[in-house]
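Each of the next two complexes has subunit A plus one other chain: subunit B in the first, subunit C in the second.
After this line comes the complex of A and B, so read on.
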């Protein structure tokens, strides 16, 4: 009866509606982030395999074994190297593109739309496209270079008709980094664009009246003002990239040899494909303290750089 | 000598005529105030002088040179924004030095000269102790001084000020107004000051430009504009409480509340016009009494009187009194256009 009284509709109850709004986020965090995370910690300290799912505690044995493994060390190093190199390019490209996309020009809307596509496309789908672009035999890039005389007999780059994008160690690494940059730049750009358009117009007008030209305004006013947002963008793309396995899984499976094997992929290969769940969990957990430290450091930098 | 010469200036934003044909000449060393309600086009006019907005039509000359098509940096103007627009990531020194750095290559002066200029202007505005501070560590008044220092450091031909006092609290504002006027007079800079606050305008302006609907309604000294308004808009926009406007046959006439006084207070009743005044409410404001009521024959038109408190006349609610206005203080307006007309033209036949 009480519920039917005017002004006491169930959704008027602040506690109830608060709980209602929070539930989806809480469910997401508990079921899809918290539970798997705790499970992987439990796995990491056990001897669980795909064949034997009993959890018996084995202490740090898995972590020690992983740490002493040469392949793991190389994988760890590759992951850090790929992440750092690609972040440099992502930051450069994202800054340039964000500045371009915040200018006024005709066709801006369409340009933005086209540009955001790499990020909006499902990773696996996009990677299949790149797999073809970088194909050992039928790569359209190779074909273009061949037509331009860079490839084939007497070509500037190689006498061969192909560059073997994903089969040559150096080129495979470059290809993977390139594709990662292609995939992550849009998100960073969108974040930087939001930052640029949040700069008060008074400040930019003032700079113009003060006689500042494009480059000075960009380097001395705009970029310093969006520094905190830049750090956030960097954090996002770094964490995404550090844990990613899809790109290399589709493109190279970590090859040739181990040249493009990254942490996410290695953990998947050992834990799921190799069946050693415990070690797979231990491998991926190595990334955790590093990412946590990085996140704390960057967020603190961002809040310190935040002016006003 | 005129520093700024504006002719036929227009700015249309699609269907909105923000500035609709402005002619204005600003003299060297004068403090010109552009006054108007929000949306009257005063800020757009100022932004066109600064070069931040491209005119739809018309021209702007500064120091004799046509600057209509030039970017802000080639105009010799500087500006103080309402928000002060200090660069939050730079300290006060770098804020003030920024315009100098931007023109250093063209004007060819060394770093020591630059430091000297910054320190001079900072001393003049009494902010030389604050050069290492960040804007967020400054009070509102200090921020305003930094903004003015930054605008003055390049010795511009014209200083544009866009409501720079409106972010200060009431107490600081009177003080800042006084200092701004002093500073302008001693530096002899040409200042254009945009505001919607008539008290600021009256207090600061050598001349006031009253704007409405993108057009200049009147230009003149504060006294001229107050005592001799060109039209009904200017008459009612200035003054608080605003001028009483009453309808008559074929025209309207108005008088200010402070000129509408009990008949006994007028020296020579022959020179004034009397009204029966019915008092509805009296507000005691300390120095004055603000009386709300209506005059005989105009029962639907609220008419206010501002009677000094030291005048020993008792005014009671629901009372009926003889009030009068001096002939000179009654202004007549054309019914259709709102323009001022002479008493004879209006055909006012007072008893």
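After this line comes the complex of A and C, so read on.
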């Protein structure tokens, strides 16, 4: 028996097979993410443009130029504000929805289909729907408000027939935040559902035996148990949103003026549309420390969740 | 067309009727089953706020899609002249759907997206199936570290990397070709599917593999003949979600490809169906809805499986 197994020894060596299995994927990732990342840093310290491809070292010039740029300051602030505000709403709605969708009820399958649509639809395509919903002239929302008497002559919100959702600074910001909440809530909900469904049933059974009611079980048992998962869901959607530019690209292109311009869009406009690769790279690199901090925080929470 | 016309012109009445009909049938069914007692009626009443909340959320989620559906068949006159967005005043028309498929590059976008998606799924599976198995079973501590690294990589947003990626794509001579996307997309699909597959592999009882090893299989055979078939449902759902990740991606597709006929759905529809300032609203909205519905159905179908993979991968990791 031992001799036989010695025969195909290499194929039975756990560590060897493990390394063999893991290496191709690891290599691909290191090449395709690690290398561009280093290149991005190199770009940040160079004067590369679309026309001029040789990298000559210019030190911190790009980063300083970006940091002293007023537009960049505003863009950075807008990105952080959008991310933080939308997370509050996402977390509230996701909690409610996760509790709803971990229960059995009539029509659940269809309700779940409807509620998943905003997340399942490719972002840029869903934004087309919102572009029409928030249209300056034809917005169906405005039409409803007009019929209800909120708009039009003597209306409560405005004398105008339209609110100009994407053209007024405040409303444009509110619209972008609303749409982000609309499309990201399902993702956070699904992560929370995973957390809720991983609670061992014996704990819940015990609670039921002890006469714990629905709200009490929810608030005193389920919520504390899924708190780490909630932090993960939160950071996950924060990171996704922080790096997103699709929503504003389709809806507003950063306008009116700069009011909805976020970091990703700005780096696209400077780096690709403006052709200044070096400064574009420097702009997006400013996001990195924040993203890294969020990711590390998330991993620490996750490892604490495992210990439980 | 006549049936469609009837549905569209009486859309809201039919929607309300269908809803009330279904609710009524359900209540009658319950009363038949459990008896029309007061307790049962009270149960129905007590549950109604819950359903109301569900209904409100559903309405917000569905609103843009309802509008997409209602606007697809409107004539220009009905859409733009003294608009009443929720009702049809003129005969519904199929001319805009016809224009979408015959006068625009929509079919090219679909073809490119499918091509890129399928190729990326194949590359992703080839790389991540063995890697996920290694993470789940074979490697100890350093495998765990590698897994965490992979997860971190998944969190790197494309907005951080698209500028150097663009340079690399140009250097490789892949600019304006869907091949560029096929090469680059695995950078986020591989970490994602590894994370998910690892969870599914962990759900396979180790005793089964050990039995296979005792029976004279080696590790690779045990993986191929025992673990893979047993996690097939998980693998299928990984395929579905990997494919839709490629469908969703926007920035790389926007930056790498400028040639209309080579663009993918997510980039082509919002950029190429708009000529300057002229929006072709009916085709635009239809183009979005036609993609949204099947992807939504696929998500709903595989959601439980995704949740399970998430749980196994993240919580018991």
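Things to note:
Here, the second predicted complex is superposed on the first by the 270 of 308 C-alpha atoms of A that agree within 3 Å, B and C clash if a C-alpha of one lies under 4 Å from a C-alpha of the other, contacts with A are read in each partner's own complex, and residues count from 1 in each chain.
What we mean here is this: contacts are C-beta pairs under 8 Å (C-beta built on N, C-alpha and C of every residue); 3 or more make two chains touch, one makes a residue touch a chain.
Keep in mind the model is a prediction, meaning the values are calculated, not measured.
In the superposition on chain A, A:210 makes contact with subunit B only, while subunit C stays out of contact range.
In the overlay built on the shared chain, the residue A:224 is in contact with subunit B alone; subunit C does not reach it.
Of the two partner chains placed by the overlay, only subunit B lies in contact with A:200; subunit C stays clear of it.
Of the two partner chains placed by the overlay, only subunit C lies in contact with A:143; subunit B stays clear of it. By the touch criterion defined above, A:302 reaches subunit C but does not reach subunit B. In the superposed model, C is the one of subunit B and subunit C that contacts more residues of subunit A.
When the shared chain is aligned, no partner comes close enough to touch A:156: not subunit B, not subunit C. Of all the residues in subunit B, the ones that touch subunit A in their complex are 47, 50-52, 71-73, 77-79, 81-83, 85, 87-89, 98-99, 101-103, 134-136, 150, 154. Across the complex, subunit C meets subunit A through its residues 22, 26, 47, 50-51, 53-54, 57-58, 60-65, 67-68, 71, 79-80, 83-86, 126-128, 130-131, 133-135, 137-139, 143, 146, 148, 150-153, 155-168, 183-184, 186-187, 190-191, 194, 213, 216, 218-221, 244, 247-248, 250-251, 254-255, 265-267, 269-270, 281, 284-285, 287-289, 291-292, 295-300, 303, 306-308, 310-311, 314-317. Residues 200, 202-203, 205-213, 216, 220-221, 224-225, 307-308 of subunit A are the ones touching subunit B in the complex. Of all residues in subunit A, those touching subunit C in their complex are 4, 8, 11-15, 17-22, 24-26, 28-29, 32-33, 35-37, 39-40, 43, 48, 53, 93, 96-97, 100, 105-107, 109, 111-130, 132-133, 138, 140, 143, 182, 186, 190-191, 193-195, 197-198, 229, 232, 239-240, 242-246, 249-250, 263-264, 267-268, 271-272, 277, 280-281, 284-285, 287-288, 291, 295, 298-299, 302, 305-306.
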